[in-house]
Amino acid sequence: MTPDTPSDEAIEARYAQLDREAEEGGYHLNPDREFTRNLVRGLLVNEQRYGYPSCPCRASLGKRDEDRDIICPCDYRDPDLDEYDACYCALYVSGAVLSGEVAIRSIPERRPPRSERKKQGALQQAAGSIQQLAYPVWRCRVCGYLCARESPPHICPVCKATKDRFERFL
Amino acid sequence: MTPDTPSDEAIEARYAQLDREAEEGGYHLNPDREFTRNLVRGLLVNEQRYGYPSCPCRASLGKRDEDRDIICPCDYRDPDLDEYDACYCALYVSGAVLSGEVAIRSIPERRPPRSERKKQGALQQAAGSIQQLAYPVWRCRVCGYLCARESPPHICPVCKATKDRFERFL
Amino acid sequence: MTPDTPSDEAIEARYAQLDREAEEGGYHLNPDREFTRNLVRGLLVNEQRYGYPSCPCRASLGKRDEDRDIICPCDYRDPDLDEYDACYCALYVSGAVLSGEVAIRSIPERRPPRSERKKQGALQQAAGSIQQLAYPVWRCRVCGYLCARESPPHICPVCKATKDRFERFL
(Lines give C-alpha, C1' and ligand atoms only; values in the text may rest on other atoms or scores of the structure.)
Protein backbone atom coordinates (compact mmCIF):
# COMPACT_ATOMS: atom_id res chain seq x y z
CA MET A 1 0.00 0.00 0.00
CA THR A 2 1.60 3.29 -1.09
CA PRO A 3 1.10 6.47 0.97
CA ASP A 4 -1.38 7.56 -1.71
CA THR A 5 -3.79 4.70 -1.10
CA PRO A 6 -5.97 5.48 1.93
CA SER A 7 -7.43 2.45 3.68
CA ASP A 8 -11.15 1.71 3.58
CA GLU A 9 -11.26 2.38 7.31
CA ALA A 10 -9.67 5.82 6.89
CA ILE A 11 -12.13 6.67 4.12
CA GLU A 12 -15.14 5.56 6.14
CA ALA A 13 -13.95 7.45 9.24
CA ARG A 14 -13.46 10.70 7.33
CA TYR A 15 -16.74 10.21 5.48
CA ALA A 16 -18.60 9.83 8.79
CA GLN A 17 -16.86 12.89 10.27
CA LEU A 18 -17.60 15.09 7.24
CA ASP A 19 -21.20 13.91 7.21
CA ARG A 20 -21.71 14.72 10.89
CA GLU A 21 -20.08 18.13 10.62
CA ALA A 22 -22.07 18.92 7.47
CA GLU A 23 -25.43 18.07 9.03
CA GLU A 24 -24.61 19.95 12.25
CA GLY A 25 -23.84 23.07 10.21
CA GLY A 26 -26.85 22.89 7.89
CA TYR A 27 -24.98 21.34 4.96
CA HIS A 28 -25.48 18.00 3.20
CA LEU A 29 -23.09 15.56 1.55
CA ASN A 30 -24.08 14.09 -1.81
CA PRO A 31 -26.40 11.15 -1.01
CA ASP A 32 -24.77 8.98 -3.72
CA ARG A 33 -22.53 6.97 -1.40
CA GLU A 34 -20.14 5.54 -3.99
CA PHE A 35 -19.65 8.92 -5.66
CA THR A 36 -19.06 10.61 -2.31
CA ARG A 37 -16.72 7.87 -1.11
CA ASN A 38 -14.52 8.49 -4.14
CA LEU A 39 -14.35 12.20 -3.39
CA VAL A 40 -13.44 11.49 0.23
CA ARG A 41 -10.71 9.15 -1.02
CA GLY A 42 -9.44 11.99 -3.22
CA LEU A 43 -9.38 14.34 -0.23
CA LEU A 44 -7.31 11.85 1.79
CA VAL A 45 -4.91 11.34 -1.12
CA ASN A 46 -4.38 15.09 -1.37
CA GLU A 47 -3.95 15.35 2.38
CA GLN A 48 -1.19 12.73 2.26
CA ARG A 49 0.49 14.35 -0.75
CA TYR A 50 0.28 18.00 0.20
CA GLY A 51 -0.46 18.08 3.89
CA TYR A 52 -3.97 19.49 3.44
CA PRO A 53 -7.19 18.12 1.89
CA SER A 54 -7.35 20.24 -1.24
CA CYS A 55 -10.26 19.89 -3.66
CA PRO A 56 -10.21 16.49 -5.40
CA CYS A 57 -11.59 18.05 -8.60
CA ARG A 58 -8.97 20.76 -9.05
CA ALA A 59 -5.22 20.77 -9.64
CA SER A 60 -3.25 21.61 -6.49
CA LEU A 61 0.01 23.54 -6.63
CA GLY A 62 1.22 21.83 -3.48
CA LYS A 63 1.81 25.11 -1.65
CA ARG A 64 -0.69 25.84 1.09
CA ASP A 65 -0.49 29.60 0.50
CA GLU A 66 -1.53 29.15 -3.12
CA ASP A 67 -4.10 26.41 -2.54
CA ARG A 68 -5.73 27.80 0.59
CA ASP A 69 -8.93 28.79 -1.23
CA ILE A 70 -9.46 25.22 -2.51
CA ILE A 71 -8.87 23.36 0.75
CA CYS A 72 -12.15 21.48 1.17
CA PRO A 73 -14.65 22.93 1.99
CA CYS A 74 -13.40 25.50 -0.51
CA ASP A 75 -14.11 29.24 -0.49
CA TYR A 76 -16.48 28.68 -3.42
CA ARG A 77 -18.72 25.99 -1.91
CA ASP A 78 -21.34 28.27 -0.46
CA PRO A 79 -21.79 30.58 -3.49
CA ASP A 80 -22.03 27.45 -5.68
CA LEU A 81 -24.60 25.86 -3.36
CA ASP A 82 -26.61 29.09 -3.60
CA GLU A 83 -26.45 29.30 -7.38
CA TYR A 84 -26.15 25.67 -8.54
CA ASP A 85 -27.39 23.56 -5.59
CA ALA A 86 -24.03 21.82 -5.34
CA CYS A 87 -20.37 22.64 -4.91
CA TYR A 88 -17.98 22.36 -7.88
CA CYS A 89 -17.27 18.68 -7.06
CA ALA A 90 -20.86 17.92 -5.99
CA LEU A 91 -19.47 16.69 -2.67
CA TYR A 92 -21.84 19.13 -0.93
CA VAL A 93 -25.41 19.49 -2.22
CA SER A 94 -28.42 21.60 -1.30
CA GLY A 95 -31.50 20.36 0.53
CA ALA A 96 -33.36 20.58 -2.79
CA VAL A 97 -30.93 18.09 -4.35
CA LEU A 98 -31.13 15.86 -1.28
CA SER A 99 -34.92 15.70 -1.51
CA GLY A 100 -34.86 15.04 -5.25
CA GLU A 101 -36.56 18.31 -6.25
CA VAL A 102 -33.53 19.55 -8.15
CA ALA A 103 -31.00 17.59 -10.21
CA ILE A 104 -27.27 18.33 -10.14
CA ARG A 105 -26.17 20.32 -13.17
CA SER A 106 -22.79 21.12 -14.61
CA ILE A 107 -21.12 23.83 -12.51
CA PRO A 108 -18.77 26.33 -14.13
CA GLU A 109 -15.45 27.02 -12.36
CA ARG A 110 -15.96 30.04 -10.13
CA ARG A 111 -12.37 30.19 -8.94
CA PRO A 112 -10.53 33.04 -10.66
CA PRO A 113 -7.33 32.22 -12.57
CA ARG A 114 -4.10 32.43 -10.59
CA SER A 115 -3.09 35.88 -11.83
CA GLU A 116 -6.44 37.35 -10.74
CA ARG A 117 -6.36 35.61 -7.35
CA LYS A 118 -3.11 37.41 -6.57
CA LYS A 119 -4.56 40.76 -7.63
CA GLN A 120 -7.74 40.19 -5.58
CA GLY A 121 -5.75 39.37 -2.45
CA ALA A 122 -3.89 42.68 -2.74
CA LEU A 123 -7.10 44.63 -3.40
CA GLN A 124 -8.89 43.01 -0.46
CA GLN A 125 -6.11 43.96 1.95
CA ALA A 126 -6.29 47.55 0.70
CA ALA A 127 -10.10 47.56 1.08
CA GLY A 128 -9.77 46.21 4.62
CA SER A 129 -7.47 49.02 5.57
CA ILE A 130 -9.99 51.69 4.55
CA GLN A 131 -12.81 49.95 6.47
CA GLN A 132 -14.94 49.00 3.49
CA LEU A 133 -16.85 45.76 3.91
CA ALA A 134 -15.75 42.97 1.55
CA TYR A 135 -19.09 41.13 2.12
CA PRO A 136 -22.52 42.06 3.44
CA VAL A 137 -23.21 41.05 7.04
CA TRP A 138 -26.37 38.98 7.61
CA ARG A 139 -28.27 38.68 10.89
CA CYS A 140 -30.46 35.78 11.94
CA ARG A 141 -33.65 37.37 13.21
CA VAL A 142 -34.21 34.45 15.57
CA CYS A 143 -30.93 34.23 17.46
CA GLY A 144 -28.88 37.22 16.31
CA TYR A 145 -26.11 35.14 14.66
CA LEU A 146 -24.00 37.29 12.33
CA CYS A 147 -22.07 36.17 9.27
CA ALA A 148 -20.44 37.89 6.32
CA ARG A 149 -21.10 36.21 2.97
CA GLU A 150 -22.61 36.91 -0.43
CA SER A 151 -26.00 35.67 0.77
CA PRO A 152 -27.29 34.17 4.04
CA PRO A 153 -26.65 30.49 4.80
CA HIS A 154 -29.41 27.97 4.00
CA ILE A 155 -29.79 27.23 7.69
CA CYS A 156 -28.61 29.23 10.68
CA PRO A 157 -25.76 27.15 12.15
CA VAL A 158 -26.70 28.28 15.64
CA CYS A 159 -30.50 27.96 15.80
CA LYS A 160 -31.37 26.16 12.52
CA ALA A 161 -33.70 28.94 11.29
CA THR A 162 -34.10 28.96 7.50
CA LYS A 163 -32.42 31.34 5.05
CA ASP A 164 -35.40 33.67 4.83
CA ARG A 165 -35.14 34.44 8.56
CA PHE A 166 -31.92 36.38 7.90
CA GLU A 167 -31.83 40.11 7.28
CA ARG A 168 -29.11 42.37 5.97
CA PHE A 169 -27.37 43.93 8.98
CA LEU A 170 -24.41 45.82 7.48
CA MET B 1 -56.09 10.18 9.11
CA THR B 2 -56.40 13.63 7.58
CA PRO B 3 -53.30 15.61 6.56
CA ASP B 4 -53.88 17.71 9.69
CA THR B 5 -53.38 14.83 12.11
CA PRO B 6 -49.67 14.18 12.61
CA SER B 7 -48.77 10.67 13.74
CA ASP B 8 -47.38 10.01 17.21
CA GLU B 9 -44.11 8.99 15.57
CA ALA B 10 -43.85 12.30 13.70
CA ILE B 11 -44.55 14.23 16.90
CA GLU B 12 -41.96 12.31 18.90
CA ALA B 13 -39.35 12.68 16.16
CA ARG B 14 -39.81 16.45 15.93
CA TYR B 15 -39.93 16.76 19.70
CA ALA B 16 -36.58 14.96 20.00
CA GLN B 17 -35.04 17.11 17.25
CA LEU B 18 -36.23 20.39 18.79
CA ASP B 19 -35.04 19.29 22.20
CA ARG B 20 -31.56 18.41 20.92
CA GLU B 21 -31.22 21.64 18.93
CA ALA B 22 -32.46 23.67 21.89
CA GLU B 23 -29.97 22.18 24.34
CA GLU B 24 -27.07 22.50 21.88
CA GLY B 25 -27.81 26.20 21.49
CA GLY B 26 -28.32 26.99 25.16
CA TYR B 27 -32.14 26.91 25.07
CA HIS B 28 -34.59 24.65 26.89
CA LEU B 29 -37.97 23.20 25.96
CA ASN B 30 -40.74 23.32 28.56
CA PRO B 31 -40.17 20.29 30.82
CA ASP B 32 -43.93 19.53 30.98
CA ARG B 33 -43.92 16.74 28.38
CA GLU B 34 -47.66 16.62 27.65
CA PHE B 35 -47.90 20.39 27.30
CA THR B 36 -44.86 20.47 25.02
CA ARG B 37 -46.06 17.51 22.96
CA ASN B 38 -49.27 19.41 22.21
CA LEU B 39 -47.32 22.43 21.02
CA VAL B 40 -45.15 20.23 18.81
CA ARG B 41 -48.34 18.71 17.37
CA GLY B 42 -49.56 22.24 16.64
CA LEU B 43 -46.30 23.06 14.86
CA LEU B 44 -46.65 19.99 12.65
CA VAL B 45 -50.29 20.81 11.87
CA ASN B 46 -49.25 24.32 10.80
CA GLU B 47 -46.40 22.93 8.75
CA GLN B 48 -48.82 20.67 6.88
CA ARG B 49 -51.37 23.44 6.38
CA TYR B 50 -49.09 26.32 5.44
CA GLY B 51 -45.79 24.75 4.51
CA TYR B 52 -43.94 26.20 7.53
CA PRO B 53 -44.19 25.59 11.29
CA SER B 54 -45.76 28.85 12.37
CA CYS B 55 -46.45 29.55 16.04
CA PRO B 56 -49.18 27.24 17.40
CA CYS B 57 -50.45 30.03 19.70
CA ARG B 58 -50.98 32.70 17.06
CA ALA B 59 -53.19 33.03 13.99
CA SER B 60 -51.32 32.45 10.74
CA LEU B 61 -52.21 34.29 7.55
CA GLY B 62 -50.95 31.39 5.46
CA LYS B 63 -48.49 33.57 3.52
CA ARG B 64 -44.87 32.99 4.41
CA ASP B 65 -43.96 36.63 3.77
CA GLU B 66 -46.51 37.79 6.33
CA ASP B 67 -45.91 35.02 8.87
CA ARG B 68 -42.10 34.89 8.70
CA ASP B 69 -41.67 36.53 12.11
CA ILE B 70 -43.83 33.87 13.80
CA ILE B 71 -42.25 30.79 12.25
CA CYS B 72 -41.12 28.86 15.33
CA PRO B 73 -38.72 29.78 16.91
CA CYS B 74 -40.27 33.19 16.37
CA ASP B 75 -38.47 36.54 16.27
CA TYR B 76 -39.90 37.27 19.72
CA ARG B 77 -38.70 34.16 21.57
CA ASP B 78 -35.42 35.57 22.84
CA PRO B 79 -36.72 38.94 24.08
CA ASP B 80 -39.57 37.08 25.83
CA LEU B 81 -37.13 34.61 27.41
CA ASP B 82 -35.13 37.59 28.66
CA GLU B 83 -38.11 39.41 30.10
CA TYR B 84 -40.59 36.65 31.03
CA ASP B 85 -38.49 33.45 31.28
CA ALA B 86 -40.56 31.82 28.55
CA CYS B 87 -41.63 32.42 24.96
CA TYR B 88 -45.19 33.48 24.20
CA CYS B 89 -46.32 29.83 23.92
CA ALA B 90 -44.07 28.64 26.77
CA LEU B 91 -42.57 26.11 24.37
CA TYR B 92 -39.14 27.51 25.25
CA VAL B 93 -38.34 28.35 28.87
CA SER B 94 -35.38 29.82 30.72
CA GLY B 95 -32.96 27.86 32.90
CA ALA B 96 -34.63 29.48 35.92
CA VAL B 97 -37.97 27.93 34.92
CA LEU B 98 -36.33 24.58 34.21
CA SER B 99 -34.79 24.50 37.68
CA GLY B 100 -38.03 25.54 39.35
CA GLU B 101 -36.74 28.89 40.66
CA VAL B 102 -39.20 30.86 38.57
CA ALA B 103 -42.78 30.03 37.57
CA ILE B 104 -44.20 30.72 34.12
CA ARG B 105 -46.35 33.84 34.07
CA SER B 106 -48.73 35.24 31.54
CA ILE B 107 -46.81 36.79 28.66
CA PRO B 108 -48.22 39.78 26.79
CA GLU B 109 -48.10 39.69 22.98
CA ARG B 110 -44.91 41.45 21.89
CA ARG B 111 -45.60 41.11 18.17
CA PRO B 112 -46.72 44.43 16.73
CA PRO B 113 -50.08 44.57 14.89
CA ARG B 114 -49.92 43.94 11.16
CA SER B 115 -50.02 47.59 10.14
CA GLU B 116 -47.03 48.42 12.33
CA ARG B 117 -45.07 45.37 11.16
CA LYS B 118 -45.27 46.69 7.61
CA LYS B 119 -44.12 50.15 8.68
CA GLN B 120 -41.23 48.71 10.71
CA GLY B 121 -39.99 46.64 7.78
CA ALA B 122 -39.80 49.75 5.63
CA LEU B 123 -38.07 51.76 8.37
CA GLN B 124 -35.53 49.00 8.99
CA GLN B 125 -34.58 48.86 5.32
CA ALA B 126 -34.07 52.62 5.32
CA ALA B 127 -31.95 52.42 8.48
CA GLY B 128 -29.83 49.67 6.94
CA SER B 129 -29.11 51.81 3.95
CA ILE B 130 -27.64 54.58 6.07
CA GLN B 131 -25.51 52.14 8.07
CA GLN B 132 -27.21 52.55 11.42
CA LEU B 133 -27.26 49.43 13.55
CA ALA B 134 -30.71 47.97 14.13
CA TYR B 135 -29.42 46.03 17.18
CA PRO B 136 -26.40 46.26 19.47
CA VAL B 137 -23.61 43.76 18.74
CA TRP B 138 -22.47 41.61 21.68
CA ARG B 139 -19.12 39.90 22.00
CA CYS B 140 -18.38 36.80 24.06
CA ARG B 141 -15.25 37.66 26.03
CA VAL B 142 -14.27 34.00 26.10
CA CYS B 143 -14.39 32.99 22.44
CA GLY B 144 -15.11 36.22 20.53
CA TYR B 145 -18.52 35.09 19.20
CA LEU B 146 -20.52 38.06 17.90
CA CYS B 147 -24.29 38.40 17.73
CA ALA B 148 -26.72 41.25 17.22
CA ARG B 149 -29.73 41.22 19.56
CA GLU B 150 -31.42 43.30 22.21
CA SER B 151 -29.38 41.62 24.95
CA PRO B 152 -26.75 38.84 24.96
CA PRO B 153 -27.88 35.19 24.79
CA HIS B 154 -28.19 33.25 28.06
CA ILE B 155 -25.39 30.98 26.98
CA CYS B 156 -22.80 31.49 24.26
CA PRO B 157 -23.81 28.99 21.54
CA VAL B 158 -20.15 28.48 20.65
CA CYS B 159 -18.36 28.09 24.00
CA LYS B 160 -21.24 27.90 26.53
CA ALA B 161 -20.04 30.91 28.55
CA THR B 162 -22.85 32.58 30.51
CA LYS B 163 -24.65 35.81 29.62
CA ASP B 164 -22.52 37.97 31.87
CA ARG B 165 -19.38 37.04 29.92
CA PHE B 166 -20.68 39.09 26.98
CA GLU B 167 -19.74 42.73 26.43
CA ARG B 168 -21.17 45.36 24.13
CA PHE B 169 -19.00 45.45 21.00
CA LEU B 170 -20.83 47.84 18.65
CA MET C 1 -18.48 14.79 52.97
CA THR C 2 -18.20 18.57 53.19
CA PRO C 3 -19.70 20.80 50.52
CA ASP C 4 -16.13 21.38 49.29
CA THR C 5 -15.55 17.74 48.39
CA PRO C 6 -17.15 16.95 45.05
CA SER C 7 -18.01 13.31 44.47
CA ASP C 8 -16.16 11.21 41.91
CA GLU C 9 -19.38 11.00 39.92
CA ALA C 10 -19.74 14.79 39.83
CA ILE C 11 -16.12 15.17 38.71
CA GLU C 12 -16.49 12.57 35.96
CA ALA C 13 -19.75 14.10 34.73
CA ARG C 14 -18.28 17.60 34.50
CA TYR C 15 -15.10 16.25 32.93
CA ALA C 16 -17.12 14.50 30.21
CA GLN C 17 -19.20 17.63 29.57
CA LEU C 18 -16.17 19.93 29.33
CA ASP C 19 -14.44 17.46 27.03
CA ARG C 20 -17.44 17.24 24.69
CA GLU C 21 -17.94 21.01 24.58
CA ALA C 22 -14.23 21.57 24.01
CA GLU C 23 -14.02 19.17 21.07
CA GLU C 24 -17.21 20.54 19.52
CA GLY C 25 -15.76 24.03 19.59
CA GLY C 26 -12.29 23.14 18.32
CA TYR C 27 -10.61 23.10 21.73
CA HIS C 28 -8.87 20.28 23.59
CA LEU C 29 -8.56 19.36 27.25
CA ASN C 30 -5.15 18.34 28.56
CA PRO C 31 -4.78 14.63 27.70
CA ASP C 32 -3.20 13.87 31.10
CA ARG C 33 -6.32 12.47 32.75
CA GLU C 34 -5.19 12.66 36.39
CA PHE C 35 -3.93 16.22 36.01
CA THR C 36 -7.13 17.29 34.28
CA ARG C 37 -9.32 15.50 36.80
CA ASN C 38 -7.69 17.54 39.58
CA LEU C 39 -8.40 20.77 37.75
CA VAL C 40 -12.02 19.75 37.23
CA ARG C 41 -12.25 18.99 40.94
CA GLY C 42 -10.90 22.50 41.63
CA LEU C 43 -13.54 24.00 39.35
CA LEU C 44 -16.30 22.18 41.21
CA VAL C 45 -14.92 23.25 44.58
CA ASN C 46 -14.90 26.88 43.44
CA GLU C 47 -18.40 26.51 42.05
CA GLN C 48 -19.63 25.27 45.44
CA ARG C 49 -17.77 28.00 47.34
CA TYR C 50 -18.48 31.00 45.16
CA GLY C 51 -21.38 30.01 42.93
CA TYR C 52 -19.29 30.01 39.75
CA PRO C 53 -16.41 27.84 38.50
CA SER C 54 -13.55 30.31 38.77
CA CYS C 55 -10.05 29.35 37.69
CA PRO C 56 -8.57 26.67 39.99
CA CYS C 57 -5.08 28.18 39.58
CA ARG C 58 -5.92 31.73 40.60
CA ALA C 59 -7.17 33.33 43.81
CA SER C 60 -10.87 34.22 43.65
CA LEU C 61 -12.29 37.26 45.44
CA GLY C 62 -15.66 35.55 45.79
CA LYS C 63 -17.53 38.36 44.00
CA ARG C 64 -18.73 37.48 40.54
CA ASP C 65 -18.27 41.03 39.29
CA GLU C 66 -14.61 40.97 40.22
CA ASP C 67 -13.91 37.38 39.17
CA ARG C 68 -15.86 37.35 35.92
CA ASP C 69 -12.74 37.35 33.75
CA ILE C 70 -11.40 34.21 35.46
CA ILE C 71 -14.56 32.11 35.36
CA CYS C 72 -13.40 29.05 33.42
CA PRO C 73 -12.91 29.19 30.46
CA CYS C 74 -11.29 32.50 31.37
CA ASP C 75 -10.94 35.57 29.16
CA TYR C 76 -7.24 34.73 28.79
CA ARG C 77 -7.54 31.12 27.56
CA ASP C 78 -7.52 31.85 23.86
CA PRO C 79 -4.63 34.35 23.79
CA ASP C 80 -2.62 31.92 25.94
CA LEU C 81 -3.44 29.01 23.62
CA ASP C 82 -2.26 31.16 20.71
CA GLU C 83 0.98 32.19 22.37
CA TYR C 84 1.84 29.29 24.71
CA ASP C 85 -0.18 26.30 23.40
CA ALA C 86 -2.00 26.01 26.70
CA CYS C 87 -4.12 28.10 29.05
CA TYR C 88 -2.66 29.38 32.32
CA CYS C 89 -3.75 26.19 34.16
CA ALA C 90 -2.98 23.91 31.22
CA LEU C 91 -6.56 22.66 31.42
CA TYR C 92 -6.94 23.55 27.72
CA VAL C 93 -4.11 22.75 25.31
CA SER C 94 -3.48 23.27 21.61
CA GLY C 95 -3.64 20.57 18.94
CA ALA C 96 0.17 20.73 18.82
CA VAL C 97 0.36 19.77 22.49
CA LEU C 98 -2.25 17.05 22.00
CA SER C 99 -0.26 15.48 19.18
CA GLY C 100 2.99 15.68 21.15
CA GLU C 101 4.71 18.14 18.79
CA VAL C 102 4.96 20.81 21.45
CA ALA C 103 5.54 20.49 25.19
CA ILE C 104 3.72 22.59 27.76
CA ARG C 105 5.88 25.42 29.07
CA SER C 106 5.54 27.76 31.98
CA ILE C 107 2.92 30.41 31.19
CA PRO C 108 3.26 33.91 32.64
CA GLU C 109 0.14 35.47 34.17
CA ARG C 110 -1.57 37.55 31.47
CA ARG C 111 -4.32 38.84 33.74
CA PRO C 112 -3.66 42.47 34.67
CA PRO C 113 -3.50 43.35 38.39
CA ARG C 114 -6.77 44.42 39.97
CA SER C 115 -6.14 48.16 39.77
CA GLU C 116 -5.49 47.96 36.03
CA ARG C 117 -8.51 45.74 35.40
CA LYS C 118 -10.73 48.46 36.81
CA LYS C 119 -9.10 51.12 34.66
CA GLN C 120 -9.39 48.97 31.53
CA GLY C 121 -13.08 48.37 32.09
CA ALA C 122 -13.67 52.11 32.23
CA LEU C 123 -11.54 52.73 29.12
CA GLN C 124 -13.30 50.03 27.15
CA GLN C 125 -16.71 51.49 27.90
CA ALA C 126 -15.48 54.88 26.70
CA ALA C 127 -14.00 53.33 23.54
CA GLY C 128 -17.28 51.50 22.83
CA SER C 129 -19.19 54.73 23.01
CA ILE C 130 -17.09 56.33 20.28
CA GLN C 131 -17.42 53.28 18.03
CA GLN C 132 -13.82 52.17 18.08
CA LEU C 133 -13.30 48.42 17.85
CA ALA C 134 -11.79 46.82 20.94
CA TYR C 135 -10.73 43.75 18.89
CA PRO C 136 -10.26 42.98 15.20
CA VAL C 137 -13.12 41.08 13.55
CA TRP C 138 -12.17 37.87 11.72
CA ARG C 139 -14.17 36.22 8.95
CA CYS C 140 -14.08 32.53 8.03
CA ARG C 141 -13.68 32.48 4.26
CA VAL C 142 -15.52 29.16 4.08
CA CYS C 143 -18.74 29.86 5.96
CA GLY C 144 -18.64 33.59 6.78
CA TYR C 145 -18.52 33.13 10.58
CA LEU C 146 -17.46 36.34 12.31
CA CYS C 147 -15.69 36.70 15.63
CA ALA C 148 -13.83 39.46 17.43
CA ARG C 149 -10.58 38.36 19.09
CA GLU C 150 -6.87 39.08 19.04
CA SER C 151 -6.33 36.39 16.40
CA PRO C 152 -8.63 33.90 14.63
CA PRO C 153 -9.65 30.69 16.43
CA HIS C 154 -7.68 27.51 15.69
CA ILE C 155 -10.75 25.95 14.13
CA CYS C 156 -13.92 27.61 12.90
CA PRO C 157 -16.57 26.58 15.44
CA VAL C 158 -19.20 26.53 12.69
CA CYS C 159 -17.55 24.74 9.77
CA LYS C 160 -14.27 23.43 11.28
CA ALA C 161 -12.07 25.25 8.75
CA THR C 162 -8.53 25.86 10.05
CA LYS C 163 -7.13 29.14 11.38
CA ASP C 164 -5.50 30.12 8.10
CA ARG C 165 -8.89 30.16 6.36
CA PHE C 166 -9.81 33.29 8.35
CA GLU C 167 -9.27 36.81 7.03
CA ARG C 168 -9.39 40.17 8.76
CA PHE C 169 -12.84 41.65 8.17
CA LEU C 170 -12.90 44.81 10.31
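Letters A, B and C mark the chains as written, and numbering starts fresh at 1 in each.
The criterion applied here is as follows: a contact is a pair of C-beta atoms (placed from the backbone, for glycine too) under 8 Å apart; a residue touches a chain by one contact, two chains touch by 3 or more.
The structure presented is a predicted model; accordingly, all values stated were derived computationally and were not measured.
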Looking at chain A with chain B, do both copies bring the same residues to the contact (over half shared) or different ones? different
Rounded to the nearest 5 degrees, what is the angle of the rotation that puts chain B onto chain C, matching CA atoms? 120
With centres defined as the mean C-alpha position, give me the chain A-chain B separation in Å. 29
Residue numbers in chain A touching two or more further chains are 146
Residues of chain B defined as touching chain C within the complex: 139, 141-146, 158-162, 164-165, 167-170
Touch list for chain B against partner chain A, complex: 21, 25, 27, 64, 68-69, 71, 73-75, 77-78, 124, 128, 131, 133-135, 137-138, 146-149, 153, 157
